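In the part that follows, the structures are each spelled out as structure tokens.
Across the two complexes that follow, chain A remains constant while its partner is chain B and subsequently chain C.
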Partner chain A sequence: MIRRFDLAGLVIAAALVFFILLPVLTVFIWAFAEQWFYPSLLPTKWGLRFWSKVLERPDVWSAFWTSMKITTLVTGLSALICLPAAYAFARMEFPGRQAFMMSFLMATAFPRFAITISLAVLFLVFNLVGTVTGVVIVQLLTTLLLMIWLPTAAFRGVSRNMEEAARDVGAGPLRVFWSITLPQALPSIAAAVLMTFVWTFYETEGAWLVGAPRITTMPILMMQMINNQMVVQYGAVLSVLLWVPSLAALLLARRVLGSDTFAKGLGA
Partner chain B sequence: MASDLAPPPKTSKNPLGLLMIAAPVVLMGLFLLYPALRVVLRTFGAADGSPGFSLENYARFFNDSYSLNNLGITLWTTVVTLILLIVVNLPIALYLRFRKGRLATFIQALALFPMFVPGVIICYALIRYIGPNGLLQSLLEHVGITGYQTPIMTPWGPVIGLLWDAMPFTLLVLTAGLAGISNAAIEAAQDVGASRLRILWSIVLPQIRGSLVVCTSLNFLSLFGSVLQPYMLGPTSPELMGPFMLRTFSSVRDPLQAGTQATITFLICSVAGLLYILSMGNRRKAEKETVA
Partner chain C sequence: MASLDLQDISKRYSNLAAVDTLSLSIADGELVCLLGPSGSGKSTLLRMIGGFEIPSSGKILIDGVDVAPVPPDKRPTAMVFQSHALWTHMNVWENIAFGLKLRKFSRDEVAAKIARVMELVGLTGYEKRHPSQLSGGQQQRVAIARSIVLEPKILLLDEPFASLDQHLREHLREEVRQIQRQLGITTIFVTHGQDEALALADRIVVMSKGKIEQVGTPDEIYARPQTEFVAGFIGVMNLVSATVSGGSLAFAGEALSAPVADGLATLAIRPEDWKVGEGAGLKATVTRTVNLGAYVLADVALPDGTTVKVHLDKARAVREGDPIEIGIGPFALYRDNMVIHRS
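Now for the complex of A and B:
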């Protein structure tokens, strides 16, 4: 085969490097810069001084624990509510099954923030604005789709032959579920839980609208630090510190689910 | 044995299933449908909350030039970003459809990368990169280009941030659509001497019409209601509907007017939502026909 010079490919790759890669790289460089004067291409002084400064800030830790608490609560509740529903959608026949599946799909056809506004207006009546409960409800709502669809696909993928073989040798339905169905679906379900956790941790708009001004989650603190322009490095260090573990978690989830299902989980 | 598409065997009409899906259904009804309906109904009442039908809240919105400017800039941002998303992603999707190899893998990995980056970090990265005295300006200065004007805090700031954010989704939908086009059809057209542009226009575009509708309608919904990118990267005035609603609710403390803005957002987005639902319905029908 003759290799032709791939001009189109090189142009696209170069454009993507400038548009996608360099912005992210900039954050990483800033995190390790002690001094970076314009128009120097690289920091004028490298160092880790700002890492300890960030870790010494009490507002960082309090936002971190607030986020962890809310995210754990939301992910746990979401799993509790959605996993049985996913099993029902995948394996059971009941009146209105198709209609309910469609209605969940239709929920994506609304502008999310307008929904959040109307929810916040309702929360005023119940004094839920500025409370953890309010933030948990808003974020829980955003997790439902992912937590139902990915596990539904996982339960569908479980081999029926194995389930029936187990039933033939006398296993009860609960035993079949516990020993055959669940172990096979578990990796995908764990991946869905992981994805939900990461995206809930970074959910900003709902937490901001319903939580402000009393509740400061991590992304809201990051936003404040970026906007107030105090020290550039604070935002950079926090971004690197928080994003690297979440990237690892998401890559793991993608590996377990396969790239197609992973993308579907994000709404594609 | 039964395929995945057939209804599950043996478990005919089990009301237990209804019980298992009850929790998420109730949640959706209680925290999505009910508040939305409540807000829509309230905004068609009087501004002081007295009963009866009134268009007072809407008159206030549409007689206020600041609100109208915000609506205008939101539509402008949405449409410009939608066009750019297709203009940028279609060539990449076409490239990935017809080329394999290391460079293609590299391109795909880069283009899908924003999928793994949360919104706050994207905004921060862009501010440090394309912002005033950012890395891009330094780079340009080094090759002798001066007079760089940053798009941050101009209407182009949110466009760039939203483009970054929505790229992976758009590319995935387009590549999925392009995968359905047969090589034979394109080769046949090439044999009779059709130009590349002609092939794109007459063979490729009609085949991916469904994918174009799906990604454009879903992108419309998320762009029109976006908050983070416009707030962080855009000008303070005029502001997009997302930050506008947020400020009206949290700072101005006028929930009724925030609700009116939300209802206007619902109405404008319902066109895109309807298009999305219709095209999903068509897709399901087509899938069923190919299976049968």
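Now for the complex of A and C:
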């Protein structure tokens, strides 16, 4: 059978390549370019000179460790707060449950920039501006929605009979949660944790509004380099560098969970 | 192995009573089927015995000890769910070992017990499989193994074969019966399939609207239904409303002796209890036949227009439209749901 030539599919694919892959590719090429003058399609001189230059800078390394520290803290705290809450939303009946979920959604739909500004003003009063604590709190707030909604759906998807069967053979409530509920919900939870990690790593508004000028995370450093320096390569190299941890995390997740369960966790 | 005593058990949801002041005694080693239409409260009752629902009132005595306030993990009961509820992130061995490990059996004991139970359910060699790699019948066998390996005092089965096809259901039903006999374990089996209950049970408990309609052996339940509900629910039954006056019941132009008070009553007669043939009395017409293998179930129109179901021998070779003569055989009369007369 001859497959029909699908023009629409080709057009969409071409558009995706043009708007997504091409810009990414440009950044990549810039990262490995030592000289690239206007009329030529490709760099006139390739090389890793700017890589060593970027990696020699102490501010890059300190920003990297600051980012890792804050991101790990935010993800860990978020899991600690949100996973029990998600379980409560999924399994327990309490008055105002629906209303709370809705208000939560509405608050998250509110323009984040406005909320962040008002938080920054509030943080001035508490002396939290320019501190790790301040950045962690502001970024934590942005993760709550994802870390509650996705695991709530996951916990709700765990068959009640499975939990009852575990109670039946002698497991107490905590044991049931640990041995049955959590493993059953794990693919979705892992996906949520991973996405939280990646999003937090790249979070800029909060980190900038609350953290500046003392806290410099990787994305902030990248912004500064792009804004303040005439050398394009610094920004490009840093972009590629920033791409590494998120790609590693995603690949790891795929390996651990298998692409099927991972996609399921993301709602596919 | 244990006896079970339910004393005035009720489960009320706001105003609705799912189970309504129900009492029942089950002897050690007995296999009892709870039979009823959906919404009759049979599953709720089973879940209360298992500890998954807390009774609104009443006592659940296992060997004389009230377990009503005891959570399921501390009860000597084991439940097999309709959805089998195997833990899909564990393989068969891990599923069965889970409860044993919680009971702190040594590694050797766990292995020995699992080997024994796997042989009992005929799944030796499947230990490393995952539930998703098993057929529906095998999954349900693993669920049964997971329950009985813990040697519970009472085994509870909640419509365990409802999702399986007829052939497999009959096969597994026999297996459960054999395993139950072999272990002598007190078993309560919830079903809405009357053939399952009739084939399996030592005693059947027919339930309706949260109450017990009748408790009895399969023979008793079939031959002597105590209530009109049971009469209509078990097997095929002709239920015809008729009037009694002066100790006689008028049915299709015939007068039957009925020594009960005057008034309306329901006449109940099984399709196989009609007399058929010359001189039986009522000249009727066959309007429809259904071939049921060993016999024919025919719809027969009586002279007064009533249609009844009649078992006919295959040898009779009747066809739709044929004339036939039938007569009343053994029957029962019901009034206000209770039996008032048998002949």
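The rule we apply is simple: the second predicted complex is superposed on the first by the 226 of 268 C-alpha atoms of A that agree within 3 Å, B and C clash if a C-alpha of one lies under 4 Å from a C-alpha of the other, contacts with A are read in each partner's own complex, and residues count from 1 in each chain.
Operating definition for what follows: a contact is a pair of C-beta atoms (placed from the backbone, for glycine too) under 8 Å apart; a residue touches a chain by one contact, two chains touch by 3 or more.
These numbers were taken from a predicted model, which means no experiment stands behind them.
After superposition onto chain A, the partners chain B and chain C occupy separate space and fit alongside each other.
In the superposition on chain A, contact of A:Leu252 is made with neither chain B nor chain C.
Once the two complexes are laid over each other on the shared chain, residue contacts for A:Met68 go to neither chain B nor chain C. After overlaying the two complexes on the shared chain, residue contacts for A:Ser179 are found with chain C alone; chain B is out of touch. Rounded to the nearest 10, the superposed model shows the Cα centres of chain B and chain C diverging by 90 degrees about the centre of chain A. When both complexes are overlaid on chain A, the residue A:Ala190 reaches neither chain B nor chain C.
Applying the stated contact rule after C-alpha superposition, one finds that A:Gly96 touches chain B and leaves chain C untouched. For chain A, the partner touching the most residues, choosing from chain B and chain C, is B.
Using the contact criterion defined above for the overlaid structures, shared-chain residue A:Met162 touches chain C, although it does not reach chain B.
Applying the stated contact rule after C-alpha superposition, one finds that A:Ala171 touches chain C and leaves chain B untouched.
Measuring only between alpha carbons, the smallest separation of chain B from chain C in this overlay is 6 Å. When both complexes are aligned on chain A by C-alpha atoms, chain A residues 161 touch chain B in the first and chain C in the second. Listed in rising order, the residues of chain A touching chain B in the complex are 6, 8-10, 12-13, 16-24, 26-27, 29-30, 38-41, 81-82, 84-85, 87-89, 91-97, 100, 103-115, 117-122, 124, 137, 140-141, 144, 148, 156, 160-161, 199, 202, 204-205, 208-209, 212, 219, 222-223, 226-227, 232, 235-236, 239, 243, 246-247, 250-251, 263, 266-268. Those residues of chain C whose C-beta lies close enough to touch chain A in the complex are 50-52, 71-74, 77-79, 81, 83, 85-89, 98-99, 102-103, 143, 146-147, 150. Only residues 1-2, 4, 7-8, 11-18, 20-21, 23-25, 27-28, 31-32, 34-36, 38-40, 42, 91-92, 95, 99, 103-104, 106-107, 110-111, 113-130, 133-139, 141-142, 164, 167-169, 172-173, 176, 218, 221-222, 224-228, 232, 242, 245-246, 249-250, 255, 258-259, 261-263, 265-266, 269, 272-274, 276-277, 280 of chain B touch chain A when the two sit together in their complex. Against chain C, the residues of chain A that register as touching in their complex are 159, 161-162, 164-172, 175, 179-180, 183-184, 186.
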